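Next come two complexes, and both contain chain A; in the first it sits with chain B, in the second with chain C.
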Partner chain A sequence: MSPTPAPVPFIDGLRDIDSVRLAGSGHAWLDTARRENLEAFIAAGLPDTRAEAWKYTALRALGQRRFTHGDPGAPTRNVDPKELVLPGVDGPRLVFVNGAFRADLSRLEALPAGLTLQPLSMVLSKDPEPLRFALSRHYRETSDAFARLNAALAGDGVVLRVAPGTRVGKPVQLCFVGTPAEGDLAWHLRNVIELGEGAELDLVEHHVSNIAHKHLGTVVTDIVVHDGARLQHALLQNAAEESTLIRRGSLHLGAKAHAALHVLELGGALVRHDLHAELRGDEARLDTRGVFVLRGRQHVDTQLSIRHQALNTASESTWRGVADERAHGVFRGAIVVAQGADGSDANLSNKNLLLSGLAEIDTKPELEIYADEVKAAHGATIGQLDERALFYLRSRGLPYAEARALLTAAFCRSVFASLPNESLREHFSEALLAHLP
Partner chain B sequence: MLKIENLHARVEGKDILKGLTLTVNPGEVHAIMGPNGAGKSTLGNVLSGRDGYEVTEGSVIFEGRDLLTLEPEERAAAGLFLAFQYPVEIPGVNNTYFLRAALNAQRKQRGEPELDSMQFLKLVREKLKIMQISDELLHRAVNEGFSGGEKKRNEIFQMAVLEPKLAILDETDSGLDIDALKQVAQGVNALRSPDRAFLVITHYQRLLDYIEPDFVHVLSDGRIVESGDKTLALKLEEHGYAWIADRDPALASEARV
Partner chain C sequence: MTIENDSPAVLRDNAEVAAALGRRYEAGFITDIETDSLPPGLSEDIVRQLSALKGEPEWMTEWRLKAYRHWLTMPTPHWAKLNIAPIDFQAISYYASPKNRPKSLDEVDPKLLEAYDKLGVPLHERAKLAGVAVDAVFDSVSVGTTFRKELAEVGVIFCSMSEAIREYPELVQKYLGSVVPTGDNYFAALNSAVFSDGSFVFIPKGVRCPMELSTYFRINAGHTGQFERTLIIAEEGAQVSYLEGCTAPMRDENQLHAAVVELVALEKANIKYSTVQNWYPGDEEGRGGIYNFVTKRGDCRGDDSKISWTQVETGSAITWKYPSCVLRGDRSVGEFYSVALTHHRQQADTGTKMIHIGKGTKSKIVSKGISAGRSSNSYRGLVKVEKGADGARNYTQCDSLLIGKKCGAHTFPYMEVKNPSAIVEHEATTSKISDDQLFYCRARGISEEDAVSMIVDGFCKQVFRELPMEFAVEAKKLLEISLEGAVG
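Moving on, here comes the complex of A and B:
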């Protein structure tokens, strides 16, 4: 017996693309792309755990829920701007509440020369043509269900461009805020980011929630870093405890381009983060570092895929996972060194800490090498706190919970040591400590 | 201050302490000597509350409280300090940060105000006069990459900052050369006071040349078999543990090891 596909999975009132009003509707190519992606999503539904990419993340419970598409009240939802403030981050800011752009909370005046920062909704309503390539993509695999959904229904997001040779002095902040509505919402954001040749950008992505809600958000982000450009990307995910957040990123690096990513995942009930990075130009370099700290019944799944496709490229990936109570963490790090990518250097380390006998972490580092003279190393561990260290701290007067938090924070600390923004680094450490039970 | 009566303890199902009785008063320095396996380190671990040590009989009263019912951190706040034989390396935890967190945790438990970073810094400078630690070690991760001597000095420095009522030195002399030993002993001597007591656990008499004990006890097969003043340590040095063994058959087998 073959499984019957779910009837229009979990989006209420959604029959076809014409029943949804989205920015950019009426442009034939965009309507077509949206319609086809929606049809593909409806036909195939959500992947189950037989799909390799979803082996450890079951979507059955999510698939049985119902969500409302978008939030008509988004423009007036009450959000305290203070909640968007991050130390050391005082540059331009683009804010989205329940998936919709909020000019009143954003900071877009006096943008530095060479920086374009606009909401996607605005770009689509004027001239979507420059985004045709990015937005007319078709996703072929059932495991891409959320990308299909996003491609069909995203009407807003970030369009960010840094002109060649431009060094953006202050960090640019992207805020994705979830806030309660009349019911459970599904919202979708599509971000397109491009750094021209030799450009430099410090980007801070912040997922935040002020009050409890159970929304589903999908965020698809394409980043292109052209030759010789440099990107610092810090991501703090502090979404509502019971929310679902699906993020998918692609990152393309040109010759001598350098991208550094620092991720701290704290919030959400069900969180999935896919990053597909391609080192396309010679001597491109990618550093990814991340931590998830989970408690309660949180489920966070990080899927990292890095392809070395050019000569003398380098990638360094350092990821840590901490799971307490009944939480479940998943990490998959796949590195491919393609044929011809000689002289590449790839390192992947994933260490995990289980703080409870009921917590679970699944980790799977993978390495495929088709080139010559490659230096590659990968390793993964799952362990517990060192009882000797715990006793040592307690014997000096630190209560059990404090000693445990101190050791857990120490376990994660090395990951953020390379984050250049000192105030933000400090904030990451504090947020991490605050999240420990 | 400390009253141990008929203490029996076992580790992994094996009886180690078999009826140990000892009283320590404020200001006193007691040395506990004995051959390997006599139960010296077990005594330190039981007193400080390490997991895996099961007390099967007897009692320990510290400052009027039943020590054995307290968590390790509560014992610390009550004024007990264990200088570890093998101080633990804790990567990622800054030495100074840790010490301030520990001191403030103790103060909080005692209902005393916590020290801010300026007050703490002042305290550290003061205590560095007692036990010299380089700036570099202060700012490194706890014990990480420290030499044997640096680790032991760090233990004594912590003791100086935490100001315990009773300090247990567990084989603090092990692995130290003579210069390091003297430095550590100087630190300990500077901390001697009429209201602070020490329990110095050691295998060798050597340390007692520099930290002069008021009482020396010989621990054998889980019990104190001989007590005396500092001259007892000298006799042990001269005659070896066999000298006690001759008078106590229980020790005879161990003394030949």
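Moving on, here comes the complex of A and C:
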């Protein structure tokens, strides 16, 4: 006696979607990959909380909304260029508004030698063949439901390549802007980033909204860091308060490659961030650091998975979470040391502050170890601000709210201490303070 | 304790280890005893027959049938990190009992007593010396309970579950299934439908149980499963320490053991539950061994109550076990101490759940996993702090030790917190025995094998300390025997 499933407007809205014209359509392999991914997404439906990967993030409310995919008005939407400026970030810039590339807001003139930076839409309309491998991928895990949707519907994004041995002097900025549009809008972006052997890149990813909206955005980013290359990746997510943002990142590190990631999540009503990192080459090293600071009814779900599969690899992860008011923070940090990955050194720390009786934090650090010459440790805590520290500050005349904000900021700020770009680091701190209630 | 102090004891124990080398699984013998058993298969009829065989009242039969019907609707769980060959529930005989069921301990078949003697369980004369009251469960039935008179004098009820259903139906009706409901999970539902026996303990208000209570489980017959059900109730201010041990013969088939243990602690009551699990683990290639699917849960119903689980898991081909505490009463305390060792192709997915509901509740989890050979050992735990649990506190420590390159050690802790005054901490490490430690021991003339067993012993000390003395000795020996051949 299987009950007839309740109609899900989200899914129904996808059934008549083939009218959408996406960049690159007409290439048989791309059309097939898109169609198959869409069919698979529709067939599976939105994952529910019975799926382990979505245990703490319910998508029922999202399922009740019917979205228009792609914003035809995107090229002419008004965006204040000042919104896009980040201190200490003055290099090349690629800007997407509501999921579409905007040449007028981007800064692509005089790219340094060895750097290729193009919108995906342009690459697809010329010669999509080099991207065939990346774009015809099939996602099968339930955690990747939205990656399927993205594979089916993304027509734009970033294609960034750094030639082997090139050191890109100035930070490259990727801006993803949301701005009001007619109807319930969903947009999808696909980024492909590759650092050749021994290349160096400073990357700043910026999600920003100037005016309130309720869009759904999905961003799938594949990053490959080849042997001996170095990547600094800073991510500031300051999307509109009521927007939904679902990001999936994959990061592959070659031998002696090094990647450092700093994430600050502030905006969004429902935010999901999956990062799948694989240390594929010997002596690869990955540092991930991140903070989410939530208030109101925000829901942020960070899913980190780090896989050590080569000799003498190291990963260090430091994540902090703050949930106030009625917010809900979720963190999962899984470390896998595969068989034969001897000499791996993996460390993960996740500390959380629960500041209100209506907020909730769920955390799940995981270790899966299949090799014996390893050092792996994780620690996680959930607690509140130190009463004595609060008292100390108040006894020196600081109002309660200010003392609380100060201590909370201090709790988070340590995560960014290792961000080399000083002006950007300052900006992260300010954005954090401004977001605290 | 320093290594020097330990040395003579270690050396003595090692002689025993060496002696055990040849036999490996000491408890692997089969006792040739006539049994009565139900034909293999599972249906409503079998459940009814089982209930009738045991002379159960109508309400009990209905309770079983309800569980059975619910079980039919449930899917087999797949979430654990275990590789389980499908279980044919129709191939199992759900009831096996030694023929000539004894009326009292004196009438117990001497062969049976011999079996327990071999296992070192004090059932008869020896019981008086050991001072531990024992309920022995052989296949599906309880064959004897010692010290009943002495216990009755202070008002403690300690008997088999079947007897409790007959003699104390009001207590059983009130508490059975109140901690683990019939439909709680797949294996608990199965157990509720077909459980054959188990122990029942009732400690009345204010009584401190004068001796340790113990149950010894033995699977003997082939093609059977063991489904026992244990219920322990400690009334206001009562205290009890309960031990549980288990073994099974070496057989090529996988036998199913699906037990349910329910603990109820009322106000200021204190229950300590210790397990040394040594079911047959299967051979080097993973043939045979017990499938151990156990639901254990304690309910701290009263304020200031305390439930403490200690387990040493060395046996079973597959272990699926999460002794939990529901901390309902204010200031109630839950504890979980565990050593889980897997070797060869054993798989274990074990851990605990601490559900904080009352104010000022505290819980502590110490889990030590040791994997060797080609085994897989996972800790899976949940710490949940509900909205009303002001000032709840949890500390969790999970350490894993890897011996060999083909085994796996995993940690899956879940933390869910809804109260801003709660403090929850989790720490985990995974490592192998360090070369420095080994070198240190070797330099002092200790063989590699002895050094490993010493280091493992130190690794587990925090948990062994929680075990009653006799059990701690047994656990230590078991660990050494189980690790035999793991090094080199």
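We take it that the second predicted complex is superposed on the first by the 418 of 437 C-alpha atoms of A that agree within 3 Å, B and C clash if a C-alpha of one lies under 4 Å from a C-alpha of the other, contacts with A are read in each partner's own complex, and residues count from 1 in each chain.
Everything below uses one rule, namely that contacts are C-beta pairs under 8 Å (C-beta built on N, C-alpha and C of every residue); 3 or more make two chains touch, one makes a residue touch a chain.
Nothing here was measured: the structure is a model prediction, and the numbers come from that model.
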Clash or fit, chain B versus chain C on superposed chain A: fit
Which of chain B and chain C A:Gly383 touches, first, second, both or neither: second
Which superposed partner A:Ala359 touches (first chain B, second chain C, both, neither): second
Partner chain in contact with A:Ser414 - chain B first, chain C second, else both or neither: first
Touched partner set for A:Leu393, first chain B, second chain C, both or neither: first
Chain B versus chain C, judged by how many residues of chain A each one touches: C
First (chain B), second (chain C), both or neither touched by A:Trp29: neither
Contacts of A:Phe133 with chain B and chain C, given as first, second, both or neither: neither
Superposed arrangement (fit on chain A Cα atoms) - minimum chain B/chain C Cα distance in Å: 15
Contacts on chain A seen with chain B and repeated with chain C across the two complexes: none
Sites on chain A touched by chain C in the complex: 52, 56, 339-340, 352, 354-357, 359-384
Touch list for chain A against partner chain B, complex: 386-389, 391-400, 402-403, 406-407, 409-411, 413-414
Partner chain A, residues of chain C touching it in the complex: 79, 385, 387, 400, 402-432
Complex contact set, residues of chain B against chain A: 48-51, 71-73, 75-77, 81-82, 84, 87-93, 98-99, 101-103, 105-106, 109, 141-142, 158, 162
